[in-house]
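Both complexes below contain chain A, partnered by chain B and then by chain C.
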Partner chain A sequence: MPKVTIDGHSIEVPDGTTILEAARKIGGKIVPPAMCYYSTLKTSGGYCRTCIVKVSKGSERDPRPMPKPVASCRTTVMDGMEVENITSPDLMEARAGVVEFLLINHPLDCPICDQAGECHLQDLSYEHGLSKSRYEFERRTFEKIDIGEKIKLHMTRCILCYRCVKVADQLCDGRVHGVINRGDVSEISTYIKNVVDNDFSGNMIDVCPVGALTDRTFRFKSRVWNVNPVDAHRDCKKCAGKVMLWQKGPEVFRVTGRKDTYGEVIDWICNECRFDKKQTSDWVIEGPSNIERTSVISQNHYTLPEPAHKPLLNDVKIVPDHYQIDNKK
Partner chain B sequence: MQSLTNRSKVVVKKEMTWMEKIYLPAILGGLKITLKHFFRKKVTINYPEEKRDIAAVYRGLHVLKRDENGAERCTACGLCAVACPAEAITMIAAERKGGEEKLYREEKYASTYEINMLRCIFCGLCEEACPKEAIFLTDQLVPTFRDRADFIYGKDKLVEPKDAPVDISKRQTAEVKEFKTHKQYTHNKL
Partner chain C sequence: MGKKILLKNDHIPGIQSYDVYRQHGGYASVEKALKTMTPEVIVEEVKKSGLRGRGGAGFPTGLKWSFLAKPEGVARYLVCNADESEPGTFKDRYLMERIPHLLIEGMIASSFALGAKTSYIYIRGEYFYVARILEQAIEEAYAKGWLGKNILGSGFDFDLHVHVGAGAYICGEETALLESLEGKRGNPRIKPPFPAIAGLYACPTIVNNVETIAAVVPIINDGGDAYAQIGIGKSTGTKLISASGHINKPGVYEIEMGITVEDFIYSDEYCGGIKGGRKLKAVVAGGSSVPILPAELILKTAAGEPRLMSYESLADGGFATGTMLGSGGFIVMDESTSIVKNLWNFSRFYHHESCGQCSPCREGTGWMEKILHRILEGHGKMSDVDLLWDIQGKIEGKTICPLGDAAAWPVASAIRHFRKEFEDYVQKPSSIKDVKHYYRLHEAGTAS
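Our next item is the complex of A and B:
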């Protein structure tokens, strides 16, 4: 098994693992951000370049460094490879450059955008971006398009990560959604407008890292941090039925798939669960979702899920043995 | 018990003398202090007939500004509500319809926007958080009411009238404007 060292942390991973996946196995701050790679979508990755890393040693057999930063989501590890991510100031500068490129045509109108608060581009530009753009030319803008009754496409915000296209390709049969044109003028399109009625098309909303694809049933209803996420499930014939409900009081504002640490959906959910089951009574509620403390969504939420193991009184060894409470007496 | 400061005194309860028992000297002593205050300079003023000078950057009643064309600037982004330490601000957003471009500057606007003036501590953090330069604090005071519900100011009271713009330039000092240009003072981590 090849051994790879990322920012000083070593790990052995199976052959064919990408640098990004190896970094995710280590976890923590050294994991490169990813805007287009999605572990559960085949052939995703390689478009956005936010995940670039510096390979300072190619492998044990050929220790030369790679001449320029490589996309970690598409580069597989070699034995003895040494990778620098956050420890390399050069790389951080390069990533800031990538972010600047992503933002060239992006409106950054987060105050209006429904994605704000759970947007990866927002996080990225917050960490790396400049407060002013150096771009002086006119930005490309598009009219908003309704893709079917439930999804809104605002191409202006799209970063062309192709994730939604992979969803359309791999989850929905009879694909009606793709990218047309090339380069600066390329745009997401449904080949026949208004015909995304596949049962899993709603997952495009969840995979979209920005606010380009949003839920029309939730549009402008609330900011994401003003609704409480709870884990819930129901018996669904089409999908696993494991979702996150976003509630305010007893009202369900929206339903999304559950996401892991890297913001990737764990189980795809069907459109019926997502758009039509907006009653608390449709769901069995498991408890508050675990939201990272650093996320704005966790603001004002004082409850965390109960720990799986609650220490019993007798487990606590601060009480001397002869004072131990005997529950049997 | 050992004293920590060496200044503690043991309280003794001793019998009062005859002079102390008639209380009169003590009462007179108290009245003397009262009398002295009649001739001192008053520390209070007769509000609202008289008013104190307030600082140019006084933080009083809020105003929701309109832009140059008279459209409301607020886009119901909720950042003021997140910043507010007193949780005084609530709002409901709505989508602008065709033909309403003159009323609201952005595609989304606040259909209701309420500040509970009883909760508000006039810290000005909402003004600092606002990305649209929509909310400002003014030098107006919040009046008193007899009903708690009257302290909840809605858009009818907060949005500036179209024909009488509220001047907020006093609080926008050169220092404030300077400050806003520095990225390192914001929460952005490098």
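Our next item is the complex of A and C:
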């Protein structure tokens, strides 16, 4: 099994593992952020460039460093590879650059965005972004589109991570969802604005890292930190039926899939569970969901998080804190 | 006269047609390859010739060919990249227009060497009329038995198709070209795997430029060693240069590698000097994406050596004082040219052509164009120049394909060598409304 060293932490992983997955096995702060990579969607990743890392030693056999930063989500590890992530100030600056690019055309309408509080772009810009934008031009905008009766596409907020395209390709039948146009005016669209009519199309909402795809049954109903997530399940013929219910009192505001530490859905759920079962009587409640303590959603509640992969070295402070590197600028 | 190999017959009337081409020694390389050589021997000859990819990167062709995976029972493909879209480059068009059979001959011989039974010429959408010329030539070649089943009784079956793209610069990137050829959106793939392992329809594929494939013909005819004799050092053979800009004789020239840049610009055989006898200001030596160099650095290297037309000499000094041979799009600018305006035009192009797949290029190219436009219109700020420098640094090397680099290098080099001009645009917007007026002031020493 190849052995890879990431920011000084070594781990042995099976052949074909990507640098990002290896980092996730180590856990903690050295895990590169990922906006487009989704472990359960094939061929995802490589587009957003936030997960770039510096390979300072290619492998035991060919120790030359790689000339450019590589996308850790799409680069497989080699035996003896040495990777620098948060230990490399150059790389942190490059990543800050990518975050800036992602933000220059983002509307920053968080105060009215349903995704606020569970938005990966918010987390990313909080950690790596500048406090002030250097972009002084008009931001691009698009018309809002309804794709299907339950999903709203607000393209202006999109960062073109292609995750929803992969969901449409891999979970739904027929190719009706894709990207049109080119460059900075490319947009996610459906074939002549057709509805995405499929039982699993709702998973697009869960994979969207920003507020570009939102649940029309939940839009503007509540801020996410004012509803309490609980784990629940039901006997569903189409999907695993394991979901999170977002409740305020007895009322169910929305239903989503359960997510792991990295915000990835563990089991895809069907549209019937997501959109039509909005009564507590439809569900068997298991108890409060595990929510990352640092997330806004955990403001009012509860349990300690238990990450999907247990961090081994979370508390060992061998590497400098990347917040410190950030503050030097 | 310099040595001509590819264009030695281009002045002959009717060379476009099969009969005239054949009379002048056409298809001899196919005869020689199929009858007397094995694929391995041809690959070896190409390696010996030192031929380097003529599309821009200059990667040794023989080496690339030897990387081709050869699993049992899996088809292999050769794809000719005729998606020539680099601003300032038009050599492939000239070659295909004038001597279409040379490309077809090269395709047959190269495909035989690589074991490809089907090959494609991917031509850019704007060259639809060239595609018709090629299609007609292919028809003639089929009729004469150079294509199809059992060519020359050797048992080699080969089919050649022309595929017309839809007009996107990005499809000149080899993996985007393959995606487009498969009928998908022309987005570059993430490498690895490289096309030599999994390319067209996930089969091993070699993608070569038009000029590279054409150069295989003389290599087979005269041998790799003879080809390696031409040129200088590791830049062997001849190169087609598309010369444009403020010169007396713009056009496509075949040069022997190693002639001096000064010769190329000023001799009557080639560009014939600067138009109107004006002074040389700057040269973009290899198509719009390579760094621009000011007159003093393009004629002489930083060490004071005369700069030669070769891969090594043009790259001498790295990006600080050098550039690249690239695809051979030689754009000459005289003293009346505004570097800022020219750079804005390049940036506008890259903004328009970015595929939008990865964030630094999608967002950064547009941002750079907007800032340059602002400077050009006289509303720039002094901090804009530093901001441009910062943005290009954050695009370069962070993207999936080289389009990000291609967009960043012209910006970086223009600021590196002509920073003062940007600052003048910011500080004296009134003097630059009319660019020619600005230069008159500059000569009189009042604008500095």
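Here is the rule we go by: the second predicted complex is superposed on the first by the 299 of 329 C-alpha atoms of A that agree within 3 Å, B and C clash if a C-alpha of one lies under 4 Å from a C-alpha of the other, contacts with A are read in each partner's own complex, and residues count from 1 in each chain.
In this section, contacts are C-beta pairs under 8 Å (C-beta built on N, C-alpha and C of every residue); 3 or more make two chains touch, one makes a residue touch a chain.
It should be emphasised that the depicted structure is a prediction, and the values quoted were computed from it without experimental measurement.
On the superposed chain A, the positions of chain B and chain C stay apart, so the two partners fit side by side.
Of the two partners chain B and chain C, more chain A residues are in touch with C. By the touch criterion defined above, A:220 lies against chain B but remains apart from chain C after alignment on the C-alpha atoms of chain A. By the document's definition of touching, of the two partners only chain C reaches A:179; chain B does not. In the superposition on chain A, A:74 makes contact with chain C only, not with chain B.
When the two complexes are overlaid on their common chain A, residue A:104 makes contact with chain C while staying clear of chain B. When the two complexes are overlaid on their common chain A, residue A:11 makes contact with neither chain B nor chain C.
Between chain B and chain C, the smallest C-alpha to C-alpha distance in the superposed model amounts to 19 Å.
In the superposition on chain A, no chain A position is in contact with chain B in one complex as well as with chain C in the other.
Across the interface of their complex, chain A is touched by residues 75-79, 81-82, 87, 93-95, 106-108, 131-132, 183, 188-189 of chain B. Those residues of chain C whose C-beta lies close enough to touch chain A in the complex are 168, 170, 185, 190, 351-360, 362-367, 370, 387, 393-394, 397-400. Across the interface of their complex, chain B is touched by residues 109-112, 116, 126-127, 131, 219-223, 225-226, 296, 299-300 of chain A. Those residues of chain A lying in contact with chain C across their complex are 46-50, 52, 67-69, 71, 74, 94, 97-98, 100-102, 104-105, 134-135, 137, 159-160, 178-179, 181-186.
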